[in-house]
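Two complexes are shown next, each including chain A; its partner changes from chain B in the first to chain C in the second.
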Partner chain A sequence: MAAVVRKDVLVELRTGEMVPAMLLFSVSTFVLFHFALDRRSVEGDLAAGVLWVTLLFAAVLGIVRLFVAEREQGGFDGFLLAPVDRTALFVAKATVLFCFLAAVELAAIPAFAILLLGPSPWDALPELLVVLVLADLGVAVVGTLVGALGVQTRTRELIVPILALPLMIPLVIAAARATSPLLVEGATGGIEGRWLLVLGLYDLVFGLLAFAVFDFLLED
Partner chain B sequence: MFARGLKSLSIASVVLIVGAFALVFFYAPNDADQGFVQKIFYLHVPLAIVALCGFVAGGVFGIQFLRTGDRSHDLRSYVAIHISLILAVGALITGSIWAKASWGHWWVWDEPTLVSFLIVFLLYACYQPLRFAIEDPGRQARTAAVFSITAGAFVPLNFLAVRLAESFTHPRVLSATGGSMPGEMRLTFLVSLAGMAVMFVTLWKYELTSKQASMRLRALKRRLADEDDRWVPAGRSAAPQEL
Partner chain C sequence: MATDADAPAVALRDLGRAYGERVALSGVTLELPRGATLAVFGANGAGKTTLLRVLATLLRPHAGSAAVLGRELPREGWAVRGRVGLLAHEPLLYRDLSARENLRFHARLHGVADGRAEELLDAVGMARRADEPIRALSRGMTQRVAICRAVLHQPELLLLDEPLANLDPGAAAGVAPLIGRASGVARVLISHDVELGLAEADMVLGLRGGQPEILEPAAAISPDDLKGLYR
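Take a look at the complex of A and B:
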């Protein structure tokens, strides 16, 4: 598992294929939102909505590419030949996706704060981090599963977004609701516990589920 | 193998559906503030409940397929989801009509049940494109089973999330306290629900039988065509092609 993670991170460091593209996409989307909404700054629930929709669309870009190298260059076959548990590939890929998302957010959230966000998000940073980690976990788990489903098809660029977006709606609901009180002027940093609970439940259910069914996607 | 009991099921569903409509029009009282329009409820709610159960059943057959590798479970799962999708379209349309009549809008966002139902529908609408995009039958069946299980687990989680997010305006039909329906309405509703459920099973079995018959026919044609090359392969389809 560690080997797969290291391989993917190395490939990404050497080629710089995914993370810069996801980041550029996020920044362009912020600019797009500025013109589409015709606002100099956003705050509260609008800011949370813009942020999460942008991050999810950027994540979909990464999900589409997640298994492409394995499929096209025989990584799946190599993995099936190796004497390891197949779910290790799932855990490794989810970890990689999580790292990529975290890397994108590391740059995209400051960009969001500078470009579009009215109030400063830094006061409520710890709470924001909690929400980001929980939501990224969910995106990583569901994204890995959908990416593995999509890579089996001829039309993965079409199938992955239409599958991933409805599946992530509960995630958007919970993440956006949890984030919106953090993005107002003078945020006291109170998150409603139930949203974190929904995020945690989502991560848990889909984590277990993906763990259970992932094997069958690799059989050939 | 799928045709057993089809005759009695057909009779039962005709009797129940006709009985349910008779009860709806001649027995159940008009709603005090919505009047006659409220009767669409006896169609809308059973459609929605049966469609959701059908989706979850598709997931259960998906699990069975992955466990046993028996292709007939894949066919069962496919047909259950297929028919549920059709019922779901019906539920969305009747729900929209009811919303227009009782709240004045075709679509109401602060309406958790309607919204979660739409999300579930959007997700399952990807099922056929997903199957269609995979050519290898074995891989198609496995991928579809994984999808059906994931989506089946998604149904309750999605309802939870959307319900937390919105206010509570949808009438709770099957709450723990039994709702606030008078006895005649509840009887009518239960008969309608039973009718819809039996109709679903009947349609499901018909479709299974028909799919199986056409598979056999195709196999026979292929065998006959062995000598002269006149055999034409079947057109591409999202449905399972062989057992």
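Take a look at the complex of A and C:
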């Protein structure tokens, strides 16, 4: 697994095909929202919605490309010829996607705070980090599954969003509801535990599902 | 009790494989002993690559049975992976990684020490260019790195699809100890060069339209017998 993660990070550092595109998309979307909403700033439900919808669409850009090198440069065959458990590829790719999402958020969230957000998010940073980690885990798991399915088709650019976005609706609802109280002026309430529970359950259910079916996606 | 080591390298009985409605391979029955070479000839679309991919565990057989190194496919495919070396049309190398990085990646997948990659790069004369990305290498150089990848884990069966494609005579001689008869392992070799293929073979399989038309010891076949496959 470590070999695949290391290889993907090395390729990304060399080509910059995923993270810069995802980050540029996020920042551009925040700028668009800034003008389209015609407000100096947003907070609460609206801020959480803008943040999570933007991050989700940015993630889709990465998911579309997650398995492209494997498909086009024989990586699947190379992996399948090796005496390793096929689910190791799933775990490795989900780890890579998680890391790339975290790298994007490292720059996209400060950009969101500067361009759009009214209240400062820094007081609620620990709680926000918990939501980000749980939501990114869900995106990584579902994204890896959908990416592996989509890359087998000729129309992966269409298939991936068509499959990924509906599957991620519960995740976006839970992430936005959990984030919303953290993005208001003088927030003191913290996160509602039930939304964290929903995110955790989502990660667990889709993690188990992906673990069960990923092998079949690699079959001819 | 029979063990994997006693079993033939390849044992096929009425092997068949289809892509949807189109039958790519059917009725292939043969046995290849350990250390022997099977040369496969046939025009484009005759089923040669399909046969290779079935033996590599990358495609499931749809009819008949296939055993590689004593293990039934696809049921025991897990026990075959890591024991076969595939050199296909595609080099199975990442274009943005260097030759050295690619080989080290595959070495880790196969649990092989990095030193083996260095040894092979040296053997094929690629040590000096080993840090350049694959996309910057010529086809011949890429083929040499792909040969290193295929033999990195010292496979017991080599599956070679036009292994000398794009190689100059010097490079071809350089890779001979790794993938030629001198390697000592069983080989299934696809070649369009009839003379060269025959010279390397112990057994010959000629395919036409996915069906075996010739299956003879190489000594009993002349180049003229094979030329009919391409008409």
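Throughout what follows, the second predicted complex is superposed on the first by the 219 of 220 C-alpha atoms of A that agree within 3 Å, B and C clash if a C-alpha of one lies under 4 Å from a C-alpha of the other, contacts with A are read in each partner's own complex, and residues count from 1 in each chain.
As a convention for this text, a contact is a pair of C-beta atoms (placed from the backbone, for glycine too) under 8 Å apart; a residue touches a chain by one contact, two chains touch by 3 or more.
Model, not experiment: these values are computed from the prediction.
Trainee: Based on the superposed arrangement, let me know which partner A:Leu145 touches: chain B (first), chain C (second), both, or neither?
Mentor: In the superposed model, A:Leu145 contacts chain B only, not chain C.
Trainee: Touch test for A:Leu10: chain B only (first), chain C only (second), both, or neither?
Mentor: The answer is second: A:Leu10 touches chain C but not chain B.
Trainee: Check the residue A:Arg177 against both partner chains and state whether it touches chain B (first), chain C (second), both, or neither.
Mentor: First partner only, chain B.
Trainee: With the two structures laid over each other on chain A, which partner does A:Asp38 touch: chain B (first), chain C (second), both, or neither?
Mentor: In the superposition, A:Asp38 touches no partner, neither chain B nor chain C.
Trainee: With the two complexes superposed on chain A, say which partner A:Pro166 touches: chain B (first), chain C (second), both, or neither.
Mentor: The answer is first: A:Pro166 touches chain B but not chain C.
Trainee: On the A-aligned overlay, A:Arg154 touches which partner chain: chain B = first, chain C = second, or both, or neither?
Mentor: Once the two structures are laid over each other on A, A:Arg154 reaches chain B alone.
Trainee: Could you say whether A:Ala69 touches chain B, chain C, both of them, or neither, answering first, second, both or neither?
Mentor: A:Ala69: touches chain C, not chain B.
Trainee: Determine, under the contact definition given at the top, whether A:Ala82 touches first (chain B), second (chain C), both, or neither.
Mentor: second
Trainee: So which one touches more of the residues on chain A, chain B or chain C?
Mentor: Higher number of touched chain A residues: B.
Trainee: For chain A, what residues appear in both contact lists, the one with chain B and the one with chain C?
Mentor: Correct list for chain A: 219-220.
Trainee: Within their complex, state which residues of chain C touch chain A.
Mentor: 56-60, 78, 81-84, 86, 88, 90-97, 101, 105-106, 108-111, 133, 149
Trainee: Under the stated contact criterion, what part of chain A meets chain B in this complex?
Mentor: Listed in rising order, the residues are 145, 149, 152-156, 158-159, 162-163, 166-167, 169-170, 173-174, 177, 194-195, 198, 201-202, 205-206, 209-210, 213, 216-217, 219-220.
Trainee: Considering only the defined contacts, which chain B positions touch chain A in the complex?
Mentor: The contact residues of chain B facing chain A are 66, 119-120, 122-123, 126, 129-130, 133-135, 139, 142-143, 145-147, 149-151, 153-154, 157-158, 160-162, 164-165.
Trainee: Contact residues on chain A for chain C in the complex?
Mentor: Residues of chain A touching chain C: 2-3, 6-7, 10-11, 14-15, 69, 73-75, 77-84, 219-220.
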